[in-house]
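Presented sequentially are two complexes of chain A, the first with chain B as partner and the second with chain C.
Right after this comes the complex of A and B.
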C-alpha cells in the first residue's frame, strides 16, 4: 500500500500541482490541493486532510520574502506550527505535517520534500483514518 | 468584547467522556473574534477530537453548529433541533452563553469548552488585552480613558506606585504601566489637573462583590 500524502501548495510555487512530474521518483499517492496563496491554509484544512486518510501533509509555500501577497507564507508557517501543536496534543506526531519553502517551479526541491516525508513515515504511529483506508482497499 | 480561550483537548475529552453524542456549539460574536469559539474553531476542534478518538479507537458522534449569539434566546432557538439530537452540548461560548443554553434547555447537560477570561480589546491581530473589569462605576473620564482598575496591577486610583521602570510594570515587565499611560494621555489632553482630585477608595458593591448584578431597562420590559 502506497503512503498517502496531501500537499497544499501555493499556485505561485506550481501553477497546478497535479502536473508535478514526480514520475517513478516518488512511490506514493499524492493529493494536491492548490491555493491562491499558502496563507489561505487553515488549521481545519490540515486536520481534515488527516481525517481523510493522509499519512502526511506538506504545505508548499514560497520562500520568505518572496510571497506575492507579502506575508502569506509567514501566515502559513504560523498556522502549520499551530496545527502541529494540536497534532502533538492528540498524540498523532506533529512531524507528519511539514511546511517547505519552494521557489516557483523548483520541482526537484518539491520531490526531495516528498521523498523525505515518505522516508520519515516509518517513524510514526499509523494515522488511524489511513489504516481504515488501507483496510477498505484491501 | 468578552475574551476567552479554548480549553485543552485533554480537558475537553475528559468533560465530554460520559456522552456518546455531543453537539459542539459555537458562538459567532465575541469568542469568534478572539478565535476561541466561532464557526472555524468549532470545525477545528471537532476535527481534532475526531482524530483523537479515532487514534484511541473510541466511537463518539460529534455534530457541529454555530449560532450568531449564544447569550440571546432568539439566536439560541436556532440550535434547538441540533441540541435535541445529542446527549450533551459542548459550548464554545463565554460563560454567559453556556448558562443561557443551560437555562433554555433544562434537561440537556451543557459543558464549557472555553475559559472565559476578560473583557478586552483587539490590540492587534491575535493579541487581546484586558481593558475593563466591569466594576459598575466607570471613572474613565477622570483618567483620560485609561482604566487603572483593569490595567494597573495594583489597581491604584491616586497616582503611580513608583515601581515602574521604563514605562513597564514592576509586577509584570510585559505589562505597560497604566499610570505612565494615564499621565502621558492627560498631559496631551491638558487635563493633568484631573489627578489633583482625591479619588475615594472604590466602592466595590457595584461590581460583582455585591452579588450577581442585574440591569433593568423598564422601557424595554413589557
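Right after this comes the complex of A and C.
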C-alpha cells in the first residue's frame, strides 16, 4: 500500500498542486487541497485529513512577509503548531504534520518537501485510521 | 381571456455541494471573544451557523464557499478579522467561453428558478467579446407595474416554427384561395438539443424530453437516441434525419409534429418526399453555420422550408474558418440577406451553439433569429461542471449517469422559468410585448463597434487593430 500524503497549499505558491512535476520516483498517493490563502487552514481540516487516512500532512504557505492577506501564513504556522500538540497528545507523532514556506512558483522546494516527508515516513508507526481502512478493504 | 403561459418553478436542491465562489478568510485569533456585536450571528444567510454544523460533522471543506459576498461581516466586524477570498476551484471551472460565472449562475437558476442577483454588484469590464459588445435599450424601464414579470399586461414569448405565405389570395366570394401551410407555435423562443459531449445517459435524455414536454417546446434528437422511455414525449421530439436514413424511419416522420433534415446539396427532393409521407409535418433543415450559410438560407427559403436551424460551434463561432465570426455577426448576415431578398417573412431561423445565458437568447432574437436552441446549459442545469472529463473517458464528478428524470426535469424547468422571466424583463424594459416583434429589432440595441465609431471615430479615425480589448 502506498503512503498517503495530504497537501494543503496556498494558490499563491503554485496554482494547482495536481500539476506538480513530482516524477515517477515519488511512490506515494498525493491528495492536493487548494486554498485561497494558507490562513484558511484550520485545526479541524488538518485532523480531518489524518482521520481520512493521511500518513502525513504538509501545509505549503508563502514565505513570511509575502502573504497576500498580510499574515495568513503566520496564522497557519500557529494553527499547525497547535495541531502538532494535539497529535502528540493522542500519540500520532507531531512530525507527521509540517508547514513549509515556499516562494511563488518555487516548484523544486515543494518537491523537496514532499520527498523529505516520504523518506521520514519510515520512522512513524502506521496511522491507525489508515490501518483500519486497509483491513476493511482486505 | 385565454390562460397566461406560466412556467411553474420549484426549489430543487443539487445532489452535490456546488462549487461556491466566495469564502471569508477569518483570523479568529484576533476575535474579541464574547463580542455583543458579533457579525457571525448577524449573517443574513446563516453561513457561519451552518459552518459550525459542518465542522461538528467534519464535512469536506467545500461548504466553506457558500458565502454570498454581501461584505457585511467584512465591514462590520469590530476587530476586522474577516477578508473575502475566491475559491480556487471556482476559478478553474469551465473554459474561456463557458466560464465560472455562467456555470455558477446557471446552477443557481436551476436550483431556485429565480433570476440571479449579484450581492456585491457588477465589477466586470465595460465591454467584452461576442454578445458582451451589445447592449439592449432599456429606455422604457419606467413602467414596472405595467410591464415585466410582475406587470399587469401580458408579454407574449411565443414564436412560430412554420413557414408563412408572403401574401394571401382570395376568391370572388372573399373566401381564401391560397393553400395555407400548417401552423406550429411554441410558447418559448427556445428549443432543446442534446449536447455533443457529456454523459448522456437515459436519465439525462428523459429529463430533457420531459421538461420540453411540460414547457411546450421541442427537443432535437437523433433516431438512435430514441428509447422506450421517451415514447411518452413523442409530440415534443424532433427527429434529426439525414438524406441517407430518412427512408428508414417513416414511422418517426408520421408520428412527429416536426422533423429536421441535415443539409446536403439538393435536399429539396427529400423535403418533398417527407411531406408526401406526412403533409402536416413541419420541416426544418440543419445547416452548419459557415461562410456559405447565408446563400444556402436563401436557396432553402425558396424551396419552402419551414425552419432553418444553424449550428455554430460550442463557443458560438462560425465553423470552418481560420478567423471565425461570432454568432451575432452571422445571424445579422443571414437575416439581412433574407430581408434583402424580400423572403425573410417566409421562413423561421433557429440558431444553436454558444447560447449560454438568457440575455444571449434575447440578443440573438434582436440580431434577427426567431429563436435559439440550447444544449450545454441543460447539462449545466443537471450540475455538469463543463470539466470535459467525459471526453477523456474519466468518471463524471457529479455522476450524470445517475440523474433521476423527475429531478432533472424540474431543474431544467427552473432554468427555463428564470430565463423566460429575464426575457420578460428585457422586453418590458424595451417596451416590446411580442417575442416575434423583437426579431431583428436592432433599433432597440446598441453595439460597441457603432458607439466607438460614433464617439471616437471623429477624434482618432478608424480602429487600426482588429478586435476588442487590444
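Descriptive notes on the structure:
Please note the rule applied: the second predicted complex is superposed on the first by the 134 of 138 C-alpha atoms of A that agree within 3 Å, B and C clash if a C-alpha of one lies under 4 Å from a C-alpha of the other, contacts with A are read in each partner's own complex, and residues count from 1 in each chain.
Assume contacts are C-beta pairs under 8 Å (C-beta built on N, C-alpha and C of every residue); 3 or more make two chains touch, one makes a residue touch a chain.
Being a predicted model, the structure only gives us computed values, none of them experimental.
In the superposed model, A:39 lies in contact with chain C only, and not with chain B. By the touch criterion defined above, A:11 lies against chain C but remains apart from chain B after alignment on the C-alpha atoms of chain A.
When both complexes are overlaid on chain A, the residue A:128 reaches chain B alone and has no touch with chain C. In the superposed pair of complexes, A:69 makes contact with chain C only, with no contact to chain B. Residue contacts after overlaying the shared chain place A:91 against chain B, while chain C stays out of touching range.
Look at A:51: by the touch rule set out above, it reaches both chain B and chain C. Overlap of the chain B and chain C contact sets on chain A: residues 42, 44, 48, 51. For chain B in complex with chain A, the residues that touch the partner chain are 8-10, 40, 43-44, 47-48, 50-52, 54-55, 57.
Interface of chain C with chain A (complex): residues 23, 25, 27, 29, 55, 58, 61, 64, 83, 85-89, 92.
Within the complex, the chain A residues that touch chain B are 42-44, 47-48, 50-51, 86-87, 89-92, 125, 128-129, 132. Looking at the complex, you find that chain A touches chain C at residues 11, 15-16, 33-37, 39-40, 42, 44-45, 48, 51, 69, 71-72, 75, 78.
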